[in-house]
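Following this message is one structure expressed as structure tokens.
In order of appearance the chains are A, B, C and D, and numbering begins at 1 in each one.
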Amino acid sequence: MVSGRQVESGNGPIRLGMVGGGQGAFIGGVHRIAARMDGEFELVAGALSSDPARAKASAAELGLDPERSYASFAEMAKAEAKRPDGIEAVSIVTPNNMHFPPAKAFLEAGIHVICDKPLTSILADAKKLAALVKKTGMVFVLTHNYTGYPMVRQAREMVAKGVLGDIRVVQAEYPQDWLTEKVEDTGANKQAVWRTDPKQSGAGGAVGDIGTHAYNLARFVTGLELDTLAAELTSFVKGRLLDDNVSVLLRFKGGAKGMLWASQVAPGHENGLKLRVYGTKGGLEWTQADPNYLWYTPFGEPKRLITRGGAGAGAAAGRVTRVPPGHPEGYLEGFANIYAEAARAIRAARRKGGKLSKDVIFPTVEDGVEGVAFIEACVKSSKKNGAWTKL
Amino acid sequence: MVSGRQVESGNGPIRLGMVGGGQGAFIGGVHRIAARMDGEFELVAGALSSDPARAKASAAELGLDPERSYASFAEMAKAEAKRPDGIEAVSIVTPNNMHFPPAKAFLEAGIHVICDKPLTSILADAKKLAALVKKTGMVFVLTHNYTGYPMVRQAREMVAKGVLGDIRVVQAEYPQDWLTEKVEDTGANKQAVWRTDPKQSGAGGAVGDIGTHAYNLARFVTGLELDTLAAELTSFVKGRLLDDNVSVLLRFKGGAKGMLWASQVAPGHENGLKLRVYGTKGGLEWTQADPNYLWYTPFGEPKRLITRGGAGAGAAAGRVTRVPPGHPEGYLEGFANIYAEAARAIRAARRKGGKLSKDVIFPTVEDGVEGVAFIEACVKSSKKNGAWTKL
Amino acid sequence: MVSGRQVESGNGPIRLGMVGGGQGAFIGGVHRIAARMDGEFELVAGALSSDPARAKASAAELGLDPERSYASFAEMAKAEAKRPDGIEAVSIVTPNNMHFPPAKAFLEAGIHVICDKPLTSILADAKKLAALVKKTGMVFVLTHNYTGYPMVRQAREMVAKGVLGDIRVVQAEYPQDWLTEKVEDTGANKQAVWRTDPKQSGAGGAVGDIGTHAYNLARFVTGLELDTLAAELTSFVKGRLLDDNVSVLLRFKGGAKGMLWASQVAPGHENGLKLRVYGTKGGLEWTQADPNYLWYTPFGEPKRLITRGGAGAGAAAGRVTRVPPGHPEGYLEGFANIYAEAARAIRAARRKGGKLSKDVIFPTVEDGVEGVAFIEACVKSSKKNGAWTKL
Amino acid sequence: MVSGRQVESGNGPIRLGMVGGGQGAFIGGVHRIAARMDGEFELVAGALSSDPARAKASAAELGLDPERSYASFAEMAKAEAKRPDGIEAVSIVTPNNMHFPPAKAFLEAGIHVICDKPLTSILADAKKLAALVKKTGMVFVLTHNYTGYPMVRQAREMVAKGVLGDIRVVQAEYPQDWLTEKVEDTGANKQAVWRTDPKQSGAGGAVGDIGTHAYNLARFVTGLELDTLAAELTSFVKGRLLDDNVSVLLRFKGGAKGMLWASQVAPGHENGLKLRVYGTKGGLEWTQADPNYLWYTPFGEPKRLITRGGAGAGAAAGRVTRVPPGHPEGYLEGFANIYAEAARAIRAARRKGGKLSKDVIFPTVEDGVEGVAFIEACVKSSKKNGAWTKL
């Protein structure tokens, strides 16, 4: 049953700033809802756009104090660090190439960071950031939001407890269809423009945008470490500069094998992230579009459908469950769970020497390094005709 | 496509109070998340429990100013009406028998009301409330929350546009299983206690708790008016004072026929609200547990799956859609849509003479009267061995 | 696992005749495939149509000896009874009003009967037939074919073993859409013509054609006996002489309650027979369109999906399973199972005093009487404004 | 709509023999049901087992004339070729290594061959057989039975008509779980013994048994030709001699890309063959376990569910459809469709110079060569660490 986990902590919300996420953006609004959902954060400052007019208009729309709407992240980091009521944490929701500079600036300013994925557009920056987090001791949360779904937590817990036995096969996929045609040329879709632009996205297209989510999810649930991969990246749409379809064979340490498919040109798939894991004793299947269900298939027994909040769900899922079974929670709740975990970590950090419960789970800067390494390895393997490549 | 409807209005959140919803309650927490999701409301006062200690503790947990945690709704109505920064609206989330008194008090104090369903525990009170709303001109929103789901709005729009032709058959059902055993006796489940107690719930058990949701949904989507009904109420669990299973035959004005089934003793159903509508040209099917999908079955053509945010979804759904297709929205988002509509109505009321767009839809006090009339008619019909009964 | 139940008995197929089922018919061809599937029957004679030319052409198409293609069932019964190699059994696949006369003739001629449902078009005839079967001791099999599906057998076995506890609620439905428009007027659809004609079908339209299947299935699985019913029959299509939509409330002996819906005007439903049963310990759900699956929902545990041939399936299903799980069996296999059971009964009858295993299950003439009684009770109740009516 | 395609040809069934398929076998019984279903074949002779006692007992069980139960296929080919009522066709249902010798013998004896897949256990034999078929002009049908499903025919027709535009991505998979443990050691499962034995199966395990089905299906539906592949074969179960999991990357001529996964160690999958195809204009998805449905996803429109016999199904599916939509057809009907096509080809061959309609489709000896080439290429690629390999 539901564990009544609701946060709504009484000792005041965490003061939050945001970099990016102005008008026309997608993920910024998602971060704001996620931050609001449990009453743990209050958005008080922003550098919402690199375009000053858009930044100002966006801030007004959000009811920010005009004084705390900044023209640049650098200015914001500097000013907020000085204020007694300055932000304690910042959300970075810019295109990939603009994750590193603000992340660095805020960490150095002593402000916790919640950063969208992938961590950076090149691996070298990702490693620098990891080192900086280690050095500063600040909280750094990467929004691989799919790890926030209760049934994903459930799957992870089941694997960790050995319910599946030894893992043999991992099948991850993330098909979408929104780039089936060359929408980046129309200009109408701001998302399409930057996500297909190597300057803003880095070397990976589909592999960076969604393949990295699928890979992160596979790691999160199975706990397996990748040994090598063989990748085939394709740009199906003529003139597109980055891959829009990627097929990867995976060899994990310890002998498990896997396949990963990510595509943005697969008509009929809106956001088809799916993970299937098979072990010596049973299997699991989870689909993002129907996130409240987890198929558990013990070998030699009927399939079982575990539901969020239901009888078969354990403590790891219960912690991040808001409403009873049958009342579906979705993408925003899953995203909000990452924010709720971030809040727990930040509140623990507030209490100097405060211990964070080991039940609290969020994607870290190290996960981010792993993700960027995955992207770079895929690109490298594909360039070498699919040669097996180490991360 | 998604219409970027996000609210997050800049001119300050609406000050909200709450009656009920203290520790151990279920629906209060849901209302609070719903109120927070779009940044439209700020909870600033509460009479959270009739138990003073629980009220106080609950208020502290929510970070309310202790001064604005009241011992009774009456006190709260009085005090808040006087404050310059007093609440503009109140959420009433108490058991059914405690909807009428606070609703009356707040309306009379000039405070808008958002009230849980069913409207009241007896029809006479419901009618009084409707008259009072009319007289005061205050905003009154009944949280038949399922009408907030985008795909329910889509279904309504399609019926209204004649896509289904003339409606012939309506099949509504709402099975659950949580009362399969006599949990009200254990005391552990506070929900079970009051929902099976005629003093707190009124004359209807399952019919009042969930049957009324199913009936409201059927009316909302089809726009049909009920003529008469024949109902069979059963208490399967020995010693239970209210019905836990209800079967109803429906005759609508104009000739359409329907069936409605609600049960709390149907193992395997967590929260199985489903509506199916059939007309001369096609059919629709929607299931609450998978709310982002709407099956549309034009006669003589392949079935089509319309998805929230997807190509087949129209303006009515787009208005209340937050994230792109494939990123599932759930129960809380649907609930929050009712709050967002309430916010629009309250903001229009702020502007004296402000017009409210007719696109804004929420369940009204009249819908509440209809719902209580439905419950009473079912109870009456069942007592007369299923005789056809007018509302 | 699969029990290798294949029949293919070596001591020669059973010689079969057929009444009806000539060109343009639907169910005759189905019976022939079902009879052939396990190699248990050989079609050797027929009175395939009341139209002599059609009868002849149909017989030629099927490769019958022209001498054994008869102009009438009466002639066939007489002639075949005399032949040393005469038919041992006959399949009657005519419209409802033409079940009784040939059934009577063949039983009296000492020929076993396999008869399509409903048994007869009026109850008096049904009772006469039941008496005649008793008197003659012949095998009489009614093709309520849905009872032949392995997962239906599985459901019945689970209920009989008490897996569901005491049954409380039974929800049966059988929606179709093929009579949404008045196709009987076009003449193109021979099925539609006779099935909407009271002279050929009897007093029931949808209730007789498919409602009776749903009712039979509910009885077959639950073993419950109906006490009374309240029915609402509607003819939605203007000018249609029989009901095309029927809603029924059911009260079973012992206190269980139920609902039954059958419709031929529900767009999107091809052949939507579905049964749901709920008891004190768990529930079951089976859908004809996906017949290899049975949902079993033990109260307080995750839902389980039992599959034909799979680990959770028992002996009753195994007996009638041909191929391993995951290799879907369908409508024709289910129908063929009724024929295979008929073959076992006929072979047992061949051995004078031969005992028939009690595992062998098929719908009997008594089930047929019950079915016709159900139709008549529904018609009667509906005429009395839905009054509760005994069977 | 259904095209009333039933065969049941009047001019006498085709006399059929069988090699293999004695007691304890699986696929032999399936072939016999398939052959019987449309009344097109009559089994009259057999060399049912290499074990004489088993051969004899099996023949008796099937009611064969003892004289036509042969001790070896060679004897049978010789004897039957001489009889005036000798078999016209033979079904070969032995383990893979025993396909070539009897196929050769019967073709040389002037008897048509229906042979189980894969064609042979080595490519050289496959090519010899293809040459022999060409030389003799006999009918040779390979039972890649999944191509017999109506919705697979529908998919093929849609691709051929350009409904999907240019094909970009093909995702084929065929997971099973029956070899999750080392059942071949128990001896209880005759299937497991020979299918994991390189001497009987050839060099491929899962890749040969089921991977080749998935590959054949992908080719059948898309019409694409494979250029090169990169494969990873794994034997997860300790001591197993052949692969039980295979992952393959595919590059088709013309630029389409694909992935293929076959596994026999994936708990929860009974027989999970699935094909997904994505083009510039839309996608298709078909799942063998639910074969009456075909998802068609036109880009930018709601998904559509095409059903066997339903409004969206075309002529290619209608030809091989027996019963109306909603009356599910399954594995045996699909298999029987291959036999029905074989019957049409054999009847055309009976009429010297008889033309075979080009609508008649069945897997040929050339498809068999392609399949064996696929297996060998996968084995070769995997041995070379997944190097890209030509067929």
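Convention: contacts are C-beta pairs under 8 Å (C-beta built on N, C-alpha and C of every residue); 3 or more make two chains touch, one makes a residue touch a chain.
What you see is a predicted model, and the numbers here were worked out from it, not measured in a lab.
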Exercise. Which chains are in contact with both chain A and chain D?
Worked result: B, C
Exercise. Comparing A-B against A-C, which pair counts more contacting C-beta pairs?
Worked result: A-B
For this session: Determine, using the mean of C-alpha atoms as each chain's centre, which chain is farthest from chain D.
Result: B
Exercise. How many Å are there between the centre of chain A and the centre of chain C, using C-alpha atoms for each centre?
Worked result: 55
Seminar exercise, completed: Per the C-alpha centroid definition, the whole-Å distance linking chain B and chain C comes out as 44
For this session: Mind checking the centre-to-centre distance between chain A and chain B? Centres are C-alpha means, answer in whole Å.
Result: 34
For this session: Would you please write down the residue numbers of chain B that are in contact with two or more other chains?
Result: 269, 303, 307, 310
Exercise. Viewed as a graph of touching chains, is the assembly arranged as a line, ring, star, complete set, or other?
Worked result: complete
Exercise. For chain D, which residues are in contact with chain B within the complex?
Worked result: 296, 300-307, 310-312
Seminar exercise, completed: In the complex, chain B touches chain A at residues 6, 8-12, 26, 29-30, 32-33, 36-39, 60-63, 176, 269-272, 288-292, 307, 309-310, 322-333
Exercise. Which of the residues in chain A come into contact with chain D in the complex?
Worked result: 168-169, 171, 177, 180-181, 230, 232, 234, 236, 245, 247, 249, 251, 257-259, 261, 263, 265-269, 276, 278-283, 285, 295, 297-299, 303, 385-386, 388
